[in-house]
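These are the structures in question, set out in turn.
The two complexes that follow have subunit A in common; it is paired with subunit B in the first and with subunit C in the second.
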Partner chain A sequence: MSTSTEKTTHRKESILELAKMMDTVVQVKCLGGRELKGTLKGYDDLVNLVLEDCIEYIRDAETQMPTDRSRKLGLAVIRGTQVSLVAPQEGAEEIANPFVAAEDDE
Partner chain B sequence: MSSKRLLPLEVIDQAIGSKIWILLRGQKEVVGILRGFDDYVNLVLEDAIEYSMDAHGVSTATPLHTEILLNGNQITVLVPNETPEGSAAAAAVH
Partner chain C sequence: MLPLSLLRAATGSPLLVELKDGTTYNGRLGTCDAWMNMNLTDVICTSATGERFWKLPSCYIRGSAIKYLRLSDAALEKAVEDEKELAQRSPAGRGGGRGRGRFDNSAGRGGRGRGRSGPSTGRGGGAGRGRTSAGRGRSGGRGPATQTSSS
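Entry: the complex of A and B
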């Protein structure tokens, strides 16, 4: 009996608190380089995500780096196995690349 | 919570029988009619069309004309009831 209570107390919890990001705009990076943005409408234990009004940043054909161009996907499901980053959009701002400037100075 | 939480696998389940747009790892994309899927999100697609991008960013469409089994371990994004053409029409610089 004691073992079963131990099991319940040591229940594995996800390190990601996606509940806090529900119905907010999130940035998602995937393995393979795709980057998306959308309103988090749902998720499961495997970190599969449901994004509403989802857009994908179009990548440069040569460098594979995301550009400021995007295309609309709509309601999209992101596979948890391919998710490498989930971040809230609110409070994030883009800054100039400080490393490029450092190289120019030399 | 203002709205009900959507479960990802339920969203895919609701797309069975209708068109679905799959973005794979890398640049490849597939559009087809979803016939079924399993726990690994391996998909069975009918009348699938494969879209692949070359180094110049030009997309080529290859109709596969048959029912295919698409392995789930390359699948990144699933978009029900949407196509690359529909998305391109709505493309915008932001």
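Entry: the complex of A and C
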């Protein structure tokens, strides 16, 4: 995280450091609502991604909430224009409502 | 104050991002860029229904997926201070101009692409080059004129 006075990034550098996430499991959410998880094998400036052993989490038909069911996609190329979120899966977990406990936050 | 200046001033402070699909992300802002893409750390993700919660150590959010942001008051104060600092460094009008000039130099595609959406890089570059070719067109016009005068 650079804190230069300019605070703007050079055109060729992306703020997303995908190099650090190479060969790790990442969670990718897509604009349409699909959720994917796979090992990051490749990427480019436009955030097109190559995911190995990719799994798509099936959403519930009515609520569109992710369920435990999934389907395997194998080696997949994800179009960068459709990506809405990229998160490393390491350290990620589902938790109980944190906002009820900490009423100081916000 | 420009929205992106406010966002840049908010780096390091907590904020809430709601995406177009309704999911919210509460976290500390790391870096951001001219397209409003951002890196958040210590993120709590809440589903659109508000029933499920996940904790993510870090995540990257696409600017185009964002519906809105909620910033802390500290971020707003810092942004106001940054504005004053910028105005003090140079005269007020030019300060704003230089701010935007920086955008054009460092995030060229982003700067020009602001009017148009992201994937129009070819045309964005073409607009830049178009200006220079128009210049050449004018000199081309003078070309034949000089020839006739010499003959």
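Convention: the second predicted complex is superposed on the first by the 84 of 106 C-alpha atoms of A that agree within 3 Å, B and C clash if a C-alpha of one lies under 4 Å from a C-alpha of the other, contacts with A are read in each partner's own complex, and residues count from 1 in each chain.
The rule we apply is simple: a residue touches a chain if its C-beta (ideal position, glycine included) is under 8 Å from a C-beta of that chain, and two chains touch if they have at least 3 such contacts.
Just so you know, these numbers come straight off a predicted model, no measurement behind them.
*Asks:* Does the superposition put A:R69 against subunit B (first), subunit C (second), both, or neither?
*Replies:* first
*Asks:* With the two structures laid over each other on chain A, which partner does A:D44 touch: subunit B (first), subunit C (second), both, or neither?
*Replies:* Touch partner of A:D44: subunit B, not subunit C.
*Asks:* Identify the partner contact of A:P98: answer first if only subunit B is touched, second if only subunit C is, both if each is, neither if none is.
*Replies:* second
*Asks:* If you stack the two complexes on chain A, which partner ends up touching A:I15: first (subunit B), second (subunit C), both, or neither?
*Replies:* A:I15 sits against subunit C, while subunit B stays out of touch.
*Asks:* Which holds for A:E90: it touches subunit B only (first), subunit C only (second), both, or neither?
*Replies:* It touches subunit C, and subunit B stays clear.
*Asks:* First (subunit B), second (subunit C), both or neither: which does A:T81 touch?
*Replies:* both
*Asks:* Once chain A of both complexes is superposed, is A:L36 in touch with subunit B (first), subunit C (second), both, or neither?
*Replies:* Once the two structures are laid over each other on A, A:L36 reaches subunit B alone.
*Asks:* Output the subunit A positions appearing in both contact lists, the one against subunit B and the one against subunit C.
*Replies:* Common interface on subunit A, subunit B vs subunit C: 31, 33, 81.
*Asks:* Please name which positions on subunit C make contact with subunit A in the complex.
*Replies:* Subunit C residues touching subunit A: 8, 11-12, 14, 16, 19-21, 23, 25-26, 30-34, 37-39, 43-44, 47-49, 51-62, 64-65, 102-103, 106-110, 118-119.
*Asks:* For subunit A, which residues count as touching subunit B in their complex?
*Replies:* Within the complex, subunit A touches subunit B at residues 22-23, 30-34, 36, 41-44, 48-50, 54-56, 61-62, 68-82.
*Asks:* Would you mind writing out the residues of subunit A in touch with subunit C in their complex?
*Replies:* Contact set of subunit A toward subunit C: 1-3, 6-11, 14-16, 27, 29, 31, 33, 47, 63-65, 81, 83-88, 90-98, 105-106.
*Asks:* Where on subunit B does subunit A make contact in their complex?
*Replies:* 1-3, 5-9, 11-12, 21, 23-26, 41, 53-57, 72-73, 75-82, 87-88, 90-94
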